[in-house]
Amino acid sequence: MRQFLARRIFHSLISLVGLLVLVFFLARLTGNPGDLYLPLDSSIETRQAFTEKHGYDDPAYIQFGRYVRDLLSGDMGESVRKKRPALEIVLEAIPVTLMLAASAMFLALVGAVIVGARAAYRPGGVFDRVASISSLVSASAPDFWIAITAIIVFSVHLQWLPTSGLGGPIYWIMPVCVLLIRPFGLLVQVVRSSMLTVLSAAYIKTARAKGVKEKSIVFVHALRNAMIPVITVAGDQAAAMANGAVIVETIFGWPGIGKLMIDSIVQRDFAVVQAAILVTAFVILSINIVVDLTYAVLDPRIRKRS
Amino acid sequence: MTSRLTESVAVQPKVQRSVGLWTMLWNDKFAFVSFLFLVVMVFLAVFGPWLLEQPATKLNLRLRNAPPFSLDNGWLYFLGADALGRSMIARLIVASQNTLLVAASAVAVSLIIGGALGILAGYFNGRFSTVIMRFADIIMSFPSLLIAVVVLYIFEPKVANLVLVLSITRLPVYMRTARAEVLEIRERQFIAAAKTLGASHSRLITRHIAPLVVPTLTTIATLEFAFVMLAESSLSFLGIGIQPPEITWGLMVAQGRNYLQSAWWLSFFPGLMIMFSALALNLLSGWTRIALDPVQRWRLEITNQQAS
Amino acid sequence: MNKMKNIVGATLLALPLSLVFAEGKIVTVVLSEEPDVIDPCEASRSNIGRVVKQNIAETLIEIDPTDGSITPRLATEWEQVDELTWNFTLREGVMFHDGAEFNAETAVTAINRALNPTQDCEIRLKFFGNINVMPKAIDATTLEIKTDTPQPILPTLMGTMVIASPNTQAEKGTMNPVGTGPYQFVKWDAGQEIVLERFDGYWGDQPEAEGARFIWRTESAVRSAMVKTGEADIAPNIALQDATDENTDFSYFNSETSRLRIDMTQAPLDDLRIRKAMNYAIDRDALIGSLFSEDVVPMTQIVVPSINGHNTDLTPWPYDPAKAKELIAAAKADGVPVDNEIVVLGRIGMYPNATEVAEAMAAMLAEVGLNVKLSMIEVAEWIDIFTKPYAEDRGPVLQASQHDNNNGDAVFSVFFKYACEGPQSTMCDEEVDKGITAASAAVGDERREIWQQVFKRLHEEIVPDVQMFHMVGFSRVNPRINFTPSISTNSEVQIGQVTFK
């Protein structure tokens, strides 16, 4: 197990390096940051001076060399726009996103397992049908539409919740709900279909024949075996969220990594883009490792081989 | 209804083969309606733009934000008009072409490439697998927004480029799922049996493993269909998706959100279309998987020794 | 189950109590974006200016936004000594928030800091890019400013210069702006809020508001909702479709002028008849009150009426599609390639419904028989195409753009847009260039008249734009306060002007 973990971490580091190279060169294909930073009316000379000062006119590989040198000494560069160290800006933004993503993912997963398992328990029943249709609806709802509608309904008309912003628990209700609605719908579907396959398997029939209580069949025996595809999908969703719950952060004014990333990409603030990707990639790779470890825990055969 | 049929099959794996497909479809009203809906949608997507190009693009500021459910301005305006006074019905139909094209191609591309890579990675669970899975890690940790900006800056916000962006970003889902499934299937007795009988790698993969992975992947693909339509919409919301004069439902939702307080129908109807298409596709695919797929039946009957 | 209900009920009841409402004498302003920095030398960028300008740090001279005239702020008087030299008399008894005294010496430090080329301050890049400024302290209250070229409107130019404390670090941007304004900086919670509090040592009248909070939300619908629910007091900038409440929503000319720039070097746009035809093709009356506000005014020139040099005698282009078709037919008969594909190039998100506007403009031009294609692009690409050097093979392009001049004089617009050497100009007209040179050196009525002649020639004989509108912005103001948005709300929100009902 320890060896597996060590190898997995080593491989993840390689991915990280690959990612960095890719991001660095791709970002530089998207134009000169000076054009966006400087006022429209500035002269060609001013533009040139700015470009030279920040080294944007050097060939990309020389810029990359500089970047790697700085990176090795722990310097991720400075934001052109915010004139502060890029890493500092990113580290301010990441906790908000992680807290938001963790609460939404936790609630979505728990909710989906309960609803999905319940639906699979009596397939074709009223609960199953309602759950199937409504989870599909929730998996296919445009989140920004829901977010703005929710603000209009719950904040402006009913005045129950604050429109937006960071604050006490009630500030979390709308962002978390909007964020979990799609993963929840998706996960209910996955849990349900995975449970159905497992419940039809022979050993469950055996357990039933032996007279093991129905509830413990569903929630102990079957669920454990049904979790592999669920964990895969959940991991994927969590990774996507760690990359920023862009829409939710944008609309509700949460200063998270997704909003930071989109702003920096649009403004060509390369240092911030790179630092942000480095940090989120670290989180995502960790999630992937956790997912792989979970496979091993859930399925002894995989564990044995690893 | 679907679910009842689905489950009766799952629990008692005896399918009455004498019953015709059409009868089976007719018996499941949800699936039947879904089927009809999709047929109509595909028909409209193919011929709609050709028939309704004019009302979908013609400016008519007199009818700006005309409310829905009124026949005063003709049937084309039954669902109202948008901010430039263009018929919502005509625009929804014209937009269906791009929307379905983008979603279908993006899903198909990532399903085929991602699925194939994932199966190979699972089957050859060695260095090759590691390389593929690290590749998936890179894509997963790469913000899709950056890919979108890069592609849209260097190329144009055209349908083909959008398909490229969306399919790349969705690859890892298929890769990881396929690999996880294959890892499990490999351990089953019949694979070992086939191996000892001297089956080649390619035969094992195409005849024995792929058929077992495909149903899971198609389930994901049908769910992904909605996801891709919404992702496309989110890109439009952020200003880096498809751009007018091209239209998609996603773009219509994104543009209409500015008018949520004054003209809700601008973003509501295209949102509804996305939802209906996703629903129809999922209901029909659930039905198809059970009623039509011999692989799935065979799987349900034979693999009872294993949990999947 | 009952217990559950009780808990839910209690939570719901408790909710409204814990909301943060804009209360007390603190003014909450909700901006569209978080400022990148809050350095005084960046105060010309609109969201930074709204926080810093005249709140934290003040200018020597204030430009009256309604007519472009200049009034005293930190300077009380000014006079031109010779062609290259101006003297400013400074206000006495002014203190910076950090205790430093404001005098000629500290003013020199502040100006030198803002113009320091090691920093990319926007004030320098935008207004002083080509001027060499040499400030000098003559005595405690007399500031001399010499320039290398004649600057007849130097006082107006100084209206953009925000004075920071001499203790501000010189070589790097600051996160802690210190000035002489009525409010001092308290804290900036990155991503969340900027907080200011009233400065007791302010030289002027004590304002009513005890402090200010700046927050930001990207979506206009959210900003307007926040004022409605009482979570904010002023939303300086909301979209037309959100400005639905007459009692709280104010429209104001935001000094922006919206147009399609015609690339005059490319056939068929190099033909005057085609350029006129395009102006006849636009039904401006139909756009007003639909895609644009009721309050926009059809433009006749790039600067708004409050700018020195605006020519009020010019009349907007009428809507006359028949005339347009006639002109196009005449051009075609002369062999002008009128069938070339003309690209209408819009910028995504330039203003709230920029995409719909571009679609409408393209549709109207197509209506008179031009071969028009719409293309919406991202801001970086848009700037690349908009500014020189231009690509060789660019083809005929109409580029949607918006120009903002609230700095009092036409010089901040005309050279850049219409001179042969202008960085965003596609035209070259000897007479226009002569006019620009003459006006830039002139003062008073003479200056105004030359500008007016230039605008007349541009409007009637050259037609370098498909003209659209002088735009309006919308602000939503909480009914608990008195605050009147004006043209200057685009660049500043003076908390000192807010009073409570």
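A few comments on the model shown:
Note that the chains are named A, B and C in the order they appear, and that numbering of residues resets to 1 at the start of each chain.
Note that in this section a contact is a pair of C-beta atoms (placed from the backbone, for glycine too) under 8 Å apart; a residue touches a chain by one contact, two chains touch by 3 or more.
It should be emphasised that the depicted structure is a prediction, and the values quoted were computed from it without experimental measurement.
With chains as nodes and touching pairs as edges, the resulting graph is complete, every pair of chains being joined. Comparing chain pairs A-B and B-C by the number of C-beta pairs in contact, the larger count belongs to A-B.
Per-chain Cα centroids separate chain A from chain C by 38 Å.
As a whole-number value, the distance joining the C-alpha centres of chain A and chain B reads 21 Å. Averaged C-alpha coordinates give centres for chain B and chain C that are 45 Å from one another. Looking at chain C, residues 221, 378, 380-381 sit in touch with two or more other chains. The set of chain B residues that touch two or more partner chains comprises 149, 153, 239-240, 257, 260-261.
Among all residues of chain A, those that touch two or more other chains are 30-31, 148, 152, 250, 266.
Per the touch definition, chain C reaches chain A in the complex via residues 12, 15-16, 18-20, 33-34, 36-37, 39, 44, 120, 122, 125-126, 129-130, 172-173, 175, 190-192, 215-219, 221-222, 225-226, 228-229, 231, 378-381, 383-384, 386-389, 412, 416, 423-424. Of all residues in chain B, those touching chain A in their complex are 1-8, 10-11, 13, 125, 130, 133-135, 137-138, 140-147, 149-150, 153-154, 172-173, 176-177, 180-181, 183-184, 187, 216, 219-220, 223, 226-227, 229-230, 233-234, 237-240, 250, 253-254, 257, 260-261, 267, 271, 274-275, 278-279, 282-283, 300, 303-308.
Within the complex formed with chain C, the residues of chain A that make contact are 30-32, 35-44, 46-47, 50, 79, 81-84, 89, 92-93, 96, 148, 151-152, 155-156, 159-168, 170, 250-256, 259, 263, 266, 268.
Against chain B, in their complex, chain C makes its touches with residues 220-221, 239, 241-242, 244, 283, 286-287, 290-291, 348-349, 352-353, 355-356, 358-360, 362-364, 367, 373-378, 380-381. Considering their complex, residues 11-12, 14-16, 18-19, 22-23, 26-27, 29-31, 123-124, 128-129, 132-133, 136-137, 139-145, 148-149, 152, 182, 186, 189-190, 193-194, 196-203, 205, 225, 228-229, 232-233, 235-236, 239, 243-244, 246-247, 250, 261-262, 265-266, 273, 276-277, 280-281, 284-285, 288, 295, 299, 301-302, 305 of chain A touch chain B.
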